[in-house]
Structure formats: C-alpha cells, structure tokens
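Some structures to go through are shown next.
In what comes next, subunit A is part of two complexes: it sits with subunit B in the first one and with subunit C in the second one.
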Partner chain A sequence: MLSDVKVVLASCRLQMKQSFSRSMFKFCILAYPILAAITFYLIYAGQNDQTLISYVFLGTAITSMWSSISFSSAGDIDRERFMGALEVIFCSPTRFRMIMFGKVIGNTLLGIASMFISFLMVTLLFQVPFTLTHPLLFIVSMFVGIISFIFIAMLLSGLLAISRNTRVLMNCIDYPVFILCGTVFPIEVLPEWVRPLSYLLSPTYVLELARMSINGITDIRLFYYHMLGLGIVTILYLLAYLKFYEIIDVKARKEATLEVI
Partner chain B sequence: MGVIVVKNLRREYETSLGVVKRDKKIVHAVNDISFEVEKGEIFGLLGPNGAGKTSTIKILTTLLAPTSGEATVLGHKCFGEEKELRKKINFIFGSERSLYWRLSAYDNLSYFCDLYHVPEKMKKDRIEKLLEMVGLEDRAHYRVETFSKGMKQRLQIARGLVNDPEVLFLDEPTIGLDPMGAKTLRKIIKQLAEQGRTILLTTHYMLEADELCDRIAIINKGKLFALNTSEKLKDNMDSSMIEVDLHTLREDTVSRLKGIENITDVKVVTDDLGHRLKIECRNPRQIMSLVNEQLYDNKVKSINMREATLEDVYLKIIGGEQSA
Partner chain C sequence: MKRFFRMSSFSFKALLGWLDPKLYVIYKIVDPALQMIFYTLMVQFVYKAQDITPWILGNAILLCTKNAVFAVGVMLRSDRDQGTLQMIVASPVNKLLVFLSRVFFNVIDSAFTVVIGLVVGVLFFGLDFTGTNMLAFALAIAVAMIGGTGIGLVLGSIALVVKEIHFFLNVANMVLYILTGASFSREKLPSLVYPVTSLIPITRSIDASRIIVAHGDLASAMGLLGMDLLIGIVYALIGFALYQYFEYKARVLATLEAY
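And then the complex of A and B:
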C-alpha cells in the first residue's frame, strides 16, 4: 500500500518533469489557454459580464484542463510505447494502473495550473471581473469535475494501451468533445439526437454546474440533477476503467500490443 | 528442476496482410521449443533475425502470453503467476530505448527503484553502485538524451539490475556497441553470473556466444535445432581440418589415415613443391597424435589445424536458409 503511494507520487513527479521538458507541452499548458482566451473573448466581446464569465472563463478553463488531462494522458501511452518504456514499466512488480494513475495525477496538476493561467489571462487582458454567485458550489463542481476527468483519462489511457491506433483515436475525439459538451455554445443548439452523447461526457455537466454557480441558481433541483448526472457518469468511467485494466493485462500480452509496431 | 523451464512452447502472431484486414496470416514465431536453464548458468539463444528469440524472451519476462506450452521461471508460471515472478527477474533489451531520455541517469534509476519497491534507505547506495559498475558515475546528473549510444546501453544494464534480479534476460545486449563497449559488457555479464545469477541472452554474434555462454541453443524459424555446450556442438562438426604439407608421401598413408575414427575424408593435392593432405575430421585435437603416428615415415614440412568454429556449426544448422 505504502509502496503504491510511493509509485503514484514518483510517477506523478516523473510525468511533470518530463512534460515540462517538452516544448509541445509547454505550448499546451501556457500558450493554449492564452490563445483560447483571446478567441473566446473575441467571440463574446460586447456581451454582458455573466456571459463572458460563463463562456470565456469557463470555456477556456475547461478546454485547457480537459486537453491537458485526457489528451496528454492518452499521448503519454503512445510516447512511452515509442520509447520502449511501456514494456519496462509493464513488467515491473507495480500494478500498471498505479503507474498510469500517477501520471494522470501529474497531468491533472498541470491542467489545474493551466486553468489558473487562463483565469488570470482573462482577468488581466480583458478586465472581466470574476464574480461568483455561489463560490462554494462552484468549488464543489470543479472538484467533482476534476475527479471525473481523472477517471476519463485513466479510461482513455487504458484504451490506448491495448490499441495501436492511438493517434487516430486521440485526434478524432478532441474537437467533437468540445462541441458536444457545450464549451463554446449551449448544447441546446445541438440537434436533439446528439444530446444523449453530450450527457455521457462529464465536461457537459461540469460546465452546466459551473455556469449555474456563476450565474445564480433558479432551481436548486436542476443543480442536484446535474450533480447526480456527473456522479453517475463518473462512476461509470470508474467501473469501465477498472474492468479495462483488468483485461489490458491479459489482452496486451495476448495480442502483443505493448511495443511499437 | 531448472531455474528456467520451457516445455513445448509455442507463440503465434496473427498478422493481417495489406490494407484489407481480412487477409489473416498466422506466424509461428516460437514453434514447439523446450529447454531448461540451471542456476548460475549463462544460456545463449542463437539464431538469425526472425528466429523467435525475442518472442521467447518476452514470454519468459511476462511481457507476452504463450499460445500454448509451458514457461516457468523460478517455479512461477510466466503467464498467470507474474506477480511473484516480476520482483525477481529483470530484462535488458539491447537498444537505447526503455529509458526516459529527458531525465537524468540518476532520476531514471531512481524511478525504476521505486517501481521495484527498493526501500528508500538502500536506494541511493544501490544507484551509486550501479552507476559505478557501468562507468557512468560522473554522468549521473546529465540527461540521458546527451548520452552516446554506448552510455545509454550501459545505463540500461544498470536499470536491469535495480531490483538485484535472480534471473536476468538480455536480448542482443551488445548490438550496436563498439568493440570496447561490447567487451566491457561481456565482462559485466560474466561477473553477474559469477555472483550466482542465472542469465539468458540472445545474440547473433558467434564469438560472443562462444565466449560467454555455458550452453547454447541454436534456433531458427521458431524451432530448436541444437542445444549443447559450445565444445560439444563443435565436436559434432566434421568441418574441422588438419592440413599437412609433405615433401614425400607414402602410398598407404592416405588409406591408413582414412581408417582413423573421426576422420571423414582425406584429399591429396600434389604440385611440383610437394603434397598437401587435407584431412577433414571431428575433434582434431584428440586425433592429432594418431595422425602423427601415421605420418612417421613421410617427410613432413608443416602441420596446421583448424578447429570448427561455432560459426561453422551455426552455418551448417541454419544452412543456406535465409533469415526471415
């Protein structure tokens, strides 16, 4: 148990050190929030402060956090496979998912940093005051959201450990997620048949909850429903990820997918 | 029972040909191989590219599931009981991979120590010893990406030893190293075996296998063709040769030479300078005195002996067959 904690911490540290030495990553962490903030601001320029906060602040924050957590975690598997480190860590006595968990935590911390940068950017650049109607609910929503993102990242990393088509998968789920979850516009704009998909993705709920706590809650039940929804999808991710890592161990070795092609 | 036991081991890969996924082809990478390795032994798997060496090693290091057959290391099944096994073994793939290039040598080893649950108290000491052993102590805090190929490979060796493994697997450990680097590495491997570790390595360098391995298994296309000590493998070869230059040659010498056991053929080449006997045989050292006896009343100019090399053995077994 103690050694597992140590492995998680060590993997987390390793992940951050490594990520920081990659210029691409520095771009994602530092430049992306800045560029996104500018883009979102220009889209919503002239609207009232609440809209600005809801879309500019949150839009940038959630997209940069989401990219950092899920997509770097996914990319890491690919990178490790390419470096040949995937095999070495896989056959160590530490459970693979502990190592991945550490890495995902590392990405999460960086993602949170990225989110703060975007908050700071919007505040400083556009002088939009960041005001919240329900600060406590906002913090709770973000917290549960982050946990949910962590499990999604674990799920993705598992998926990628057993599939060699990592890149394809990564690229085809990046933007659709932003569209589906209502980062830039409310999901009510989407055709009805895609909405169930939106409600399978936790960013949808996180955004919804955060917006409610920013703009004020007219119906507290709606807030709870969304919180419940977020809880349910998060538990689904958790179950799927646990199941996944159970089969990864066998499947990766049966199908010889750990190494580079 | 051996430290490593492999019995009727098979591993197949399903590969799809071309773009159309439906054209499936089964590759028999390991096709019914059996062998055992004893404690403290250096055991070599020798074979051309595609022979199935890496697949065998990957099965033994719990990285790959066997399709059928048995593979156990230290009494643990390689597939199914890997939890216990992984603590006690380690492997080194002879390449620059399997390291975190953006981290320092020290940080790399430190991370792998954590993965192998090396107690914090022992960690620093062990890392320093390992770095010293592979001659990287003064590069400990440099990033791996600044290392030469040989240095990376040596760091890999250190990485493979972080958990003080009882059994060590090495897949072509000296590939791409310069002669000095390869020599240092062979020295380290010998030291490790002297400490009582069991070592299984693959190579396609004959001399290396000859120098290092207590026993050698020659495999090709997933099949085991020969398994013995280097000496015994050569003994069975009839490609050893004794060449004798003579001033004069008695008529019955050739037939009497042919009568000696282990001599398979005697050819005579005669020119204006004299005669040359080409005696093809097994175990030239052992029959040398018998050959000498039969030559007593010929006028001998010189005698040359060329023992079969492992390469002769290898080429005979692998034959003209091209590697995969």
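And then the complex of A and C:
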C-alpha cells in the first residue's frame, strides 16, 4: 500500500514537471482560462452577477479543468508510446494503472490551478464579486467533482489508448462534453432527447450542484439527487476504467502489440 | 499550372495526413459542427428573443480560422520537421508560387468547413437564406477564406521561429475569435483593443455576410469585401516577406534545421 502511494506521488511529480515542458499543456493551464474567460464574459456582458458567476466563472473553470485533466490524460499513453517509454512503464514491477493514476493526479492538480486562474480573471479583471449562498456545499461539490474527473480521465486514457487515432480523437472530445454538460448554458436549452446523455457525464452534475450552491437551493432533495447521480456515474467510470486497463493488459501480453495497440 | 495544382494537392494531403476518410469526417465535419453548436447555443441562451442570425453567420465564417491557424500555420514548421524545408529552400522554383500553391486547397477546404457551419445553422437554428443574393454571399465566404489564409501564412512564418508552437497557435486562434466579434458586438471590446479589430481581415467579411443575408445595402457589403480582400492579400505578402527574411537569416546563420 505504502509503495503504491510512493509510486503515485513519484509519477505525479514527474508528470507535473513533464507537463510544463509541453506547450499545449501550458496553453491549457495558463492561457486558456484567461482567453476563455474573456470570450465568455464578452458574450455574457450586461447580465447580472449571479449569471456571470454561474456561466462565465463556472463555465471557464470547468472547461479549463476538463481540458487540462482529460485532454492531457487522454494523450498520456500515446505520448509514452511515442517516446518509447510505454513498454518500460508497462513492464515495471508496479502496476501500470498505478503509474497512470499518478499521472492523472498530476494533471488534476494543475487543472485545479487553471480553475484558480479563471477565478482570478473573473473576480479581478471583470470585477464580478464572487458570492456563494452555500460555500460549504460548493466546496463539497467541487471536491467530489474533482474525484469524478480523475476517474473519467483514467477511463479516457484507457479508452483512447486502444485507438491509433488518439491525437485526433482527443482534440474532438471537448465540444461534445461542453455542449452535453451545459458548461456555459443550462442543459434545458438542449433538446429533450439529448439530455439523458448529459446525465451520463459527471461535469453535468458538478455544474448543477455548483450552480445550486451559488444561486441558493430551493429543493434540497434535488441537490441530494444530483450528488447521488454524481456518485453513481463516478463508480461506473471507476469500474469501466479497471475493465479497460485489464483489456489493455491482456491485449498487450497476448498479441505483443503494446507499441502498436 | 499543372505543377501548381499537383503541389497543392500533395501538400494538402501530406499536411494533415488525410489518408483516413474517417479522421477527415471527425476532424473537419463533426468537430466544426460541434463548435458551431456550442457557441450558437450559448448565444441563443444569452440573447434569448433577439434575432441571432448575425452571430450564427459570424460563428460559421469563423470556423475557417481552424484551417488558417492549425493547417496553414503549421505548414512550414511541418516541412522543417519532415526534412523537406531545405529542399524547398534549395530548389530553383519561384518561392512565391510554392508558397501560394501550398495554401490553395486550404482555401477550398476552409470554405467547405464554413458551409458545414452554415448547414448546422440552417438545420438546428433556423438560419434563413430566403431572398439572399447567394452569389454575393459566396463571394463573402471566399474573401473571408482568403483573409483567413493570409493570417495563416503570417502565423506559419512566425511559427518557424517560435519555440512554443502549440501555445502560440492556440492563443492566436482564441485571440482571432475575440477580435473578429463572431459571437458578440465588437463595441463591447475595450476602447484600446477595438481599433485592432479593423486590422483583422475576416472581420469585414463577417459584417458583409450579415448585410447580405439581412438584404441590406449590397454596395456597402461589396465595399467591405473589397477592403477585406486587400487586407487579406497584404497579410499573405507579409507572410511571404517574413518567410523570406527567416530563410535569409537561416542561410546566413546556418540554422535552417534548428528548433
């Protein structure tokens, strides 16, 4: 157990150092939150503070965090493969998924940093007072949301690892998620037949919970339902990611195609 | 002329590796359509009862920046990475011709992307072209594409000497989105930034397309397009001049292959 923790921490540290040598990741962490906040703010300019916090701040924060966690994690296996390090990691005595878990944690910590940049942009540059009706519930929602993001990132890394077109696919997973989860608008603007898909994605629940914490909760049961939904999809991501990593493991050993899966 | 088209075709295929049609569909049709839906839904939610046609048009036309930035913008850099830049530099052909042939198909491809955006606008957001002068509208798209390609050539030349290529191109893409005012009125920009928007070629083409679809004054739309075309050509020439300058520096310092 302790050795696993050490591996996760070492992998996390290395991932954070490596990430800052990649210009795309620097864009996701530093530039994207600033530029997205400006874009969304200019579209929403003239709306009241609550709307600005609910859609500009949360929209920028969640899209930044999603991009940095999922975008980076989705490409991690492909990057290791490209550098020729995948087989070394895979054959090390530590379980492969623990090393990948450390990487995703590293991406998450940097993703949280991008969320703070969004927060600073909206509050300082646009002078929007950041008021929360339920600060504690907001913190709890974001915390559970981040855990869910970690597992969805693990799932994506496994899912895209078995594709040869990872780079193209990882560039195309942002907008579907941004639309379905209602990052910068409520999901009620989506057609009804699309909404069930929204509730398969954890950012939808995180945004609903965060917006309730900001604007006030009229029905506490609804808050608990969303929290329960978030918990259920997170467990589903966890189970799916374990399954995918098992598939990769078997496929790599059986077919000896780790470098060309 | 035959060589021009052959070079264009090879360059386009090689640049983005369009060997797999599935990837083309995902990257060039599905992704732009989703980008269009994302921004239009946001605008629809914010502007509520207002007519959002101007913003649908703005977002559709702005889809061309993806080609300008991520295809034309990385063109020269890819040549260097793949080791073909030195052959282009050493070959006795007209460099301007090579430069322009490399982007020819990208102009057509960008226009195709814009058409996809417009189809999304018609199918999902009720964009209405009834009574629109389609010839003038097609001209607006063509001018916007030339302008976008001009920007791409400038970015592509600068990308040769920029270390953080992905950072640079992604920032350029988002800055273009802000400065062209595709989803909001440019008057919302700070007074210091506002004058810069008139230096971006696509901006006037978007305005002209809005005038054309709203059955406005065609002469003023043509005036805007003429101005935009001129700026687009100036951008392309600046791009070429920058390329020539960097090539000269690379020859003198023997750093053509340096990263």
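By our rule, the second predicted complex is superposed on the first by the 254 of 261 C-alpha atoms of A that agree within 3 Å, B and C clash if a C-alpha of one lies under 4 Å from a C-alpha of the other, contacts with A are read in each partner's own complex, and residues count from 1 in each chain.
Here, a residue touches a chain if its C-beta (ideal position, glycine included) is under 8 Å from a C-beta of that chain, and two chains touch if they have at least 3 such contacts.
Not measured: the values here are computed from a predicted model.
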| item | value |
| --- | --- |
| Clash or fit, subunit B versus subunit C on superposed subunit A | fit |
| Partner chain in contact with A:Ile69 - subunit B first, subunit C second, else both or neither | neither |
| Partner chain in contact with A:Ile99 - subunit B first, subunit C second, else both or neither | first |
| Which superposed partner A:Ala153 touches (first subunit B, second subunit C, both, neither) | neither |
| Subunit B versus subunit C as contact partner of A:Met115, first or second or both or neither | neither |
| First (subunit B), second (subunit C), both or neither touched by A:Tyr175 | second |
| Touched partner set for A:Lys26, first subunit B, second subunit C, both or neither | second |
| Partner chain in contact with A:Cys91 - subunit B first, subunit C second, else both or neither | first |
| First (subunit B), second (subunit C), both or neither touched by A:Leu42 | second |
| Overlay on shared chain A, then closest C-alpha pair between subunit B and subunit C (Å) | 7 |
| Residues of subunit A that lie at the interface with subunit B and also at the interface with subunit C | 22 |
| Residues of subunit C that touch subunit A when the two form their complex | 20, 22-23, 26-27, 30-31, 34-35, 37-38, 41-46, 163-168, 170-171, 174-175, 177-178, 183-184, 188-189 |
| Residues of subunit B defined as touching subunit A within the complex | 13, 61-65, 79, 82-83, 86-87, 91, 93, 95, 97-103, 107, 110-112, 114-117, 159, 163 |
| Contacting residues of subunit A [partner subunit B, same complex] | 3, 6-7, 10-11, 14, 17-18, 21-22, 83-85, 87-94, 99, 250, 253-254, 256, 258 |
| Subunit C partner contacts - residues on subunit A that touch it in the complex | 22-24, 26-27, 31-32, 35-36, 38-40, 42-45, 47, 165, 168-169, 171-172, 175-176, 178-179, 184-186, 189-190 |
